[in-house]
Amino acid sequence: MVDEKIIHDPVHGSMRLSGLVLDLVDTPEVQRLRSIRQLGLANLVFPGANHTRFEHALGVSHLVERLGSELKLPKRELNMLLAAAVLHDIGHAPYSHTLEYLMTDYLKKDHMELTGDILRGKTSIHEKGELQKLGKLHVPSVVDVLAKYKISPNEVAQLLLGKHRKPYLGQIIHGEIDVDQLDYLLRDAHFTGVALGMVDADRLLRTLIVRGNRLAIASKGIEAVEGLLTARALMYTSVYYHHTVRIAELMLANAVEFAIKRGGGRINRDNFYLLTDSELLERLGEIRGYPHEIVTRLRYRQLFKTAYVEERRELSQAEKKRILKTYSGWSRVHELQNKIADKAGVPHGYVILDVPIVDILISEPRLEKVEVLVLVENKLVGLSELSPIASALKKRQAPRYQLRVVAAPKYVNKVKKVAEKILP
Amino acid sequence: MVDEKIIHDPVHGSMRLSGLVLDLVDTPEVQRLRSIRQLGLANLVFPGANHTRFEHALGVSHLVERLGSELKLPKRELNMLLAAAVLHDIGHAPYSHTLEYLMTDYLKKDHMELTGDILRGKTSIHEKGELQKLGKLHVPSVVDVLAKYKISPNEVAQLLLGKHRKPYLGQIIHGEIDVDQLDYLLRDAHFTGVALGMVDADRLLRTLIVRGNRLAIASKGIEAVEGLLTARALMYTSVYYHHTVRIAELMLANAVEFAIKRGGGRINRDNFYLLTDSELLERLGEIRGYPHEIVTRLRYRQLFKTAYVEERRELSQAEKKRILKTYSGWSRVHELQNKIADKAGVPHGYVILDVPIVDILISEPRLEKVEVLVLVENKLVGLSELSPIASALKKRQAPRYQLRVVAAPKYVNKVKKVAEKILP
Amino acid sequence: MVDEKIIHDPVHGSMRLSGLVLDLVDTPEVQRLRSIRQLGLANLVFPGANHTRFEHALGVSHLVERLGSELKLPKRELNMLLAAAVLHDIGHAPYSHTLEYLMTDYLKKDHMELTGDILRGKTSIHEKGELQKLGKLHVPSVVDVLAKYKISPNEVAQLLLGKHRKPYLGQIIHGEIDVDQLDYLLRDAHFTGVALGMVDADRLLRTLIVRGNRLAIASKGIEAVEGLLTARALMYTSVYYHHTVRIAELMLANAVEFAIKRGGGRINRDNFYLLTDSELLERLGEIRGYPHEIVTRLRYRQLFKTAYVEERRELSQAEKKRILKTYSGWSRVHELQNKIADKAGVPHGYVILDVPIVDILISEPRLEKVEVLVLVENKLVGLSELSPIASALKKRQAPRYQLRVVAAPKYVNKVKKVAEKILP
Amino acid sequence: MVDEKIIHDPVHGSMRLSGLVLDLVDTPEVQRLRSIRQLGLANLVFPGANHTRFEHALGVSHLVERLGSELKLPKRELNMLLAAAVLHDIGHAPYSHTLEYLMTDYLKKDHMELTGDILRGKTSIHEKGELQKLGKLHVPSVVDVLAKYKISPNEVAQLLLGKHRKPYLGQIIHGEIDVDQLDYLLRDAHFTGVALGMVDADRLLRTLIVRGNRLAIASKGIEAVEGLLTARALMYTSVYYHHTVRIAELMLANAVEFAIKRGGGRINRDNFYLLTDSELLERLGEIRGYPHEIVTRLRYRQLFKTAYVEERRELSQAEKKRILKTYSGWSRVHELQNKIADKAGVPHGYVILDVPIVDILISEPRLEKVEVLVLVENKLVGLSELSPIASALKKRQAPRYQLRVVAAPKYVNKVKKVAEKILP
């Protein structure tokens, strides 16, 4: 009898795990994801949002299994995809995207590249001490399991980074319409209770096709894609870019940076991204002064308050350029927020500047080019030619505001005055 | 103790009915709606779509009750709205929108105007014989119930036709974001199983406001509105304008027209719109020849097949004008389809021409002007200024095709050849 | 390319139909089920309950497909089961179970035996006229399709009647835990909105097994079975035996019997069970006097009212015997209700006696013996040994009342007095 | 304008918080619940089960608001109930029920009594250091908020402990059918994905009544209650008493006891119950040897395995007595498990004995007496007189096994042999 587990998932129902997937799920790298919340600190606004990257990894692999059977993929490709599905997030730092800026700054890589490195055995996502403990329990690692199933770690890494020679394999996991977002949109809707993100997964899985080595959609799936794209856009605005979530996450990121710079605690530039959510918070809380206070504020939801906000509006090309020049990069934003703090006579760290629009502007040129391909009368056509919604969504600015300055409550008034003067 | 009923509704859960609503629900005009399917013949494609205008009327009144309590409307206005909610569809012909063209042609009014006439006691929605039977059972009519509660039928009619002096009252039932569509989108999604139509009703009900006598939305409700508008657009394409549904409904409409023109049966221009779905089908089935055959075809799903189709594409202003000129109006389309039939040597009625794009082009100028109002920093702003999705949706053509010719299976090939020659 | 259809089902999501199932679905026998409501007149109480036997047939075949793949059934058995699933209800009279008593009385068979006869080509479920119309359209019948796929109609009939030599095949469709009830419980819950009937179908499908030619359940499925059995019991009480539904259905059955006995209309003992819901109502409505009035009452929900009721309570063996003796059989009940009418000076047909408890008492001895089998440590054990819930459910009386007398509103008082005197 | 928040809850939709509830939610005592998982370590088996006592507290207060409005409770009583709803779980130790035995052993109180003490200001649920940090942020505590709204903490405590002079007030929160379980059953079903726990909350809230100062149910709510009771029973078996969950939780409890007994770490008998889930795990992980290993095992899901199990079966009165005598109390069980360990030559802590049946046997006599009251013809009747399901459920043993011995994998064989010898 095959070793098999049936797992109850609130999003996909009963899911059957066995063989490769089951073995991968048991590795420490994947088990670590149990302790990393999918939506960082969003649970401070959406109390149900305590779901983790672990469930998400299971969900994505479940969808790969369904899609693989629809597309009748060969066993070898299916296994590759299953591995990629289970492992695609193992390089995530605590609180998911919250510390991504710091990773780029300190590690010079994002969670995707880190995942690649872990797969190739170049680095580990566990501290040494942790590895020793694990050693005693003889738990196979991801590298062991891939070897057991004769799957090339390098190929999985390439697939995840979109460099596999068969483009559709990468696109199934990370493309314009992929199982990653299919799972996270359904899952985030289920756990936040935000009903904007309903997506006809059934139909999408049944209308995705492979043509000329690329993933595309049959024309009868167009509405399902339009639905998916809209759901994603609305979830960005309502959940992922919710200003209170951003404030909390920036408070945490600032405290981590402070701790790393000051040194002396149990957090440093070589380990902050390895920890789990609660380890990070615990270690940060041990450091007196600012980190300590921020942790208390996060634990008891005593967040900084808005001192100044610039609402979303249409931007000219010139304005976009100026914004990108002024605000792109963690260090530029930091300098500016410290400048405001200085002028307002407020200690550093108690004024935080949030410019979510920058993320959007950076990815805009890429988005302009990217296209869902639709099979119409046996030709592949870009979706935005067919759907005004799809092309409108490319122009839609997800965050409701361009720029926001927050501060500890007692400093709000002072900071407001300075911000109004200094900021454009 | 108050007379009260708790009704189980699969969309809104337990709904409590009492007083005015309960009395209205018991009238023959509203009970008739039990026999009129909400989505006409859509159940031939979506087998679950057997829900009726009756449940919808209950659902809309339930939403009015919730919205009324959110907006803290005075009792008098609430009662007016409740009456309007329960009664807004009593003027519907059998199979809902299927015979709307014939109503316009023969009655010179649509179901809304007819509803107004029924409310004012100018006409009845029941045949004489039916009224006599009802008389014996002493069932109060809508006019009786409105009188009992001292509600002006005229005011309700004005409200339904968008002419009430307090515009928000009309907009709550039929506006840009109204309880009518809130209910039908949720309900049609529930019964068809098409998961594109999920709508955050809770949030909408909690962010709708009244400003300057108009219905508007608070800015934190924008995403919920964007969700609603997209859901509606996608439901139009996937369900309401599904080509098979259109074919079936046009087959029925053609058969009804045939029966009226030929005369002699139990259907005529003075009663066809009063009947229920099954009465219409039954009476039509009694008429030998074409009507009889069409009824058999609908009962056993032996539908006409596509002979020619022109897919959706962007149209120039000139093209739009030409299309409107060539195809607007039931009689123009009929002439053309008969011309094709003649050339193909096929009896009239066995070729049907469908030009769904005309509906859209006719309503376009109106849609261009209509706007959801959003309250931003205490000013009302049009949504399309704020949301690229909203403005894109105005341009989106709901049906997937511009024009389609269908025919009885054995004539398809002949008709195809003629259509390819004649049609542009 | 294989001819294939994807159908949206609100209960099971996207369902794929092809080959045998698709061909069977297109037969007139199965299409007829579109016009027979799954829950008879329950929509008078649960307005959403307009779903038909047609969707149910699709749903059951979908579940068979899933279960077949879990059990790895051979193709031949799977096809047999799929045919049985799609066809199991084609012998239903209009309004499903409403006229079952009359069928037994006049036809001497129930809908299951009739289904068997139709399969074997012994009888038809369409009137002659209808068959002629269909003939012109060249639509293959069930017999044709079974022949095309080389499936023995006799074997399907045996399977449906529980007489197949491989008992598990019959049990999959009609057993203690079967796909028929799995579908109807989920479906009736979805369409009525009664949330008692939620059932973990996923888990059941994954824990059902075949042992010694019988269908059984693995022990880790026990809770799912307990859930199913309870759901069924509660749906019986809340929906299927709801007193208002019973009243409406008995009004209809009395009117049909009246029409058959009096003769002269378009309804007789040879055709009443062939009709669709609306045909029955239409033809009944043409018959002046009682049938005519009843139809009007049903159309406008002017139902008879309770004059006398005996609530549910524990019954002694002696009482049960007496009840069975006094009330079993349509004619005994009729005599008694006419006796009450006579004494009260009320015309026959305006007093109706409902003794739902009789159904239960008749099936009790059978139920006592029937058992869900559970595989515990490699032995099959009866569920009631393992689950106090299961054994309690055998004793639970579904209807909330033992006996009820209803009458046209104006006669209620008179009938009440007589009933109180005459009835025990 | 009133300060008000709209919170998205995946179970109840949009929930409005203001005034008392909003103020209570902001207290550190309630915010602490964000870090205590509702289902302890159940997420090791049901990956979605990361929901916390915090959401549950909000959900219960939402249900109280709805029930209060149905029952038309006076403002004073409603406020009392709202306070009780938000606060009813603030005395929970980390991982909810996992350490309940240790609390009884060391504190001589359970979480309910501790809640009472916190309310009355007798003790705090925060460590001193934590209180100092909070002091700096000037966050009002529960005691402050109750004082602000002039609510007697003592009365709330009495209500929660079932000692309020108006019994229905206590029963609404903790009775036979109460809002606490209504919320947790719906919530646990939503987050685990186990579909057995569906409950018709709408109907229950609309049929609960107060009679003679006691909470009861109208007779038309009986099926909803039967559904609730069954759902609860099945959730106990499938989720709360799932053997893997039990194993994990006992591993944790054993490690905590070990840490307390050995001393020297940051956990002791005066603080273990104050911590949050992650604080407990972090501190435990710092202690070398056994606690350290157990934490690693829990983090990476390397659980102890079953060495011996006695399945569920009917027990005689004599057997029940013997079991109670042999196994009741944490220390008795511990002695026994250590005895097995000694005989097997295994270090203490690596053999764990689980006797879930004891909990059931202890509460049985209480359960026998407790009754849901139903209003039938104006008299209150015990539900078990009316419903065989209800009385069967009293006899149903929730856990699937009576007794289980687990051990670290490498010791399983040795322990098996000893257990088979020693245990009855």
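As written, the chains take the letters A, B, C and D, and residue 1 is the first residue of each chain.
Heads up, the rule we're going with is that a contact is a pair of C-beta atoms (placed from the backbone, for glycine too) under 8 Å apart; a residue touches a chain by one contact, two chains touch by 3 or more.
Because the structure is a prediction, the values reported are computed rather than measured.
K.L.:
Which chains contact both subunit B and subunit C?
P.N.:
Shared contacts of subunit B and subunit C: A, D.
K.L.:
So which chains are sitting against subunit A and subunit D at once?
P.N.:
B, C
K.L.:
Quick check: more C-beta contact pairs at C-D or at A-C?
P.N.:
C-D
K.L.:
Most remote chain relative to subunit B, going by C-alpha centroids?
P.N.:
The chain farthest from subunit B, judged by C-alpha centres, is D.
K.L.:
So what's the Cα centroid distance for subunit C and subunit D, whole Å?
P.N.:
43
K.L.:
Can you give the whole-Å distance between the Cα centres of subunit A and subunit C?
P.N.:
51
K.L.:
Where in subunit B do residues touch two or more other chains at once?
P.N.:
In subunit B, residues 13, 194, 202-203 touch at least two other chains, as defined above.
K.L.:
State the interface residues of subunit B toward subunit D in the complex, per the touch definition above.
P.N.:
Interface residues on the subunit B side: 6, 13-14, 16, 202-203, 206.
K.L.:
Can you list the residues on subunit D that touch subunit A in the complex?
P.N.:
Contact set of subunit D toward subunit A: 7-11, 13, 26, 28, 31-32, 34-35, 43, 46-48, 50-52, 54-55, 58, 130, 133-134, 136-137, 139, 190-194, 277-279, 281-282, 292-293, 296-297, 299-302.
K.L.:
Sort out for me which residues of subunit B touch subunit A in the complex.
P.N.:
194-196, 198-200, 202-203, 219, 222-224, 226-227, 230, 233-234, 237-238, 311-312, 376-377, 386-389, 391-393, 395-396, 400
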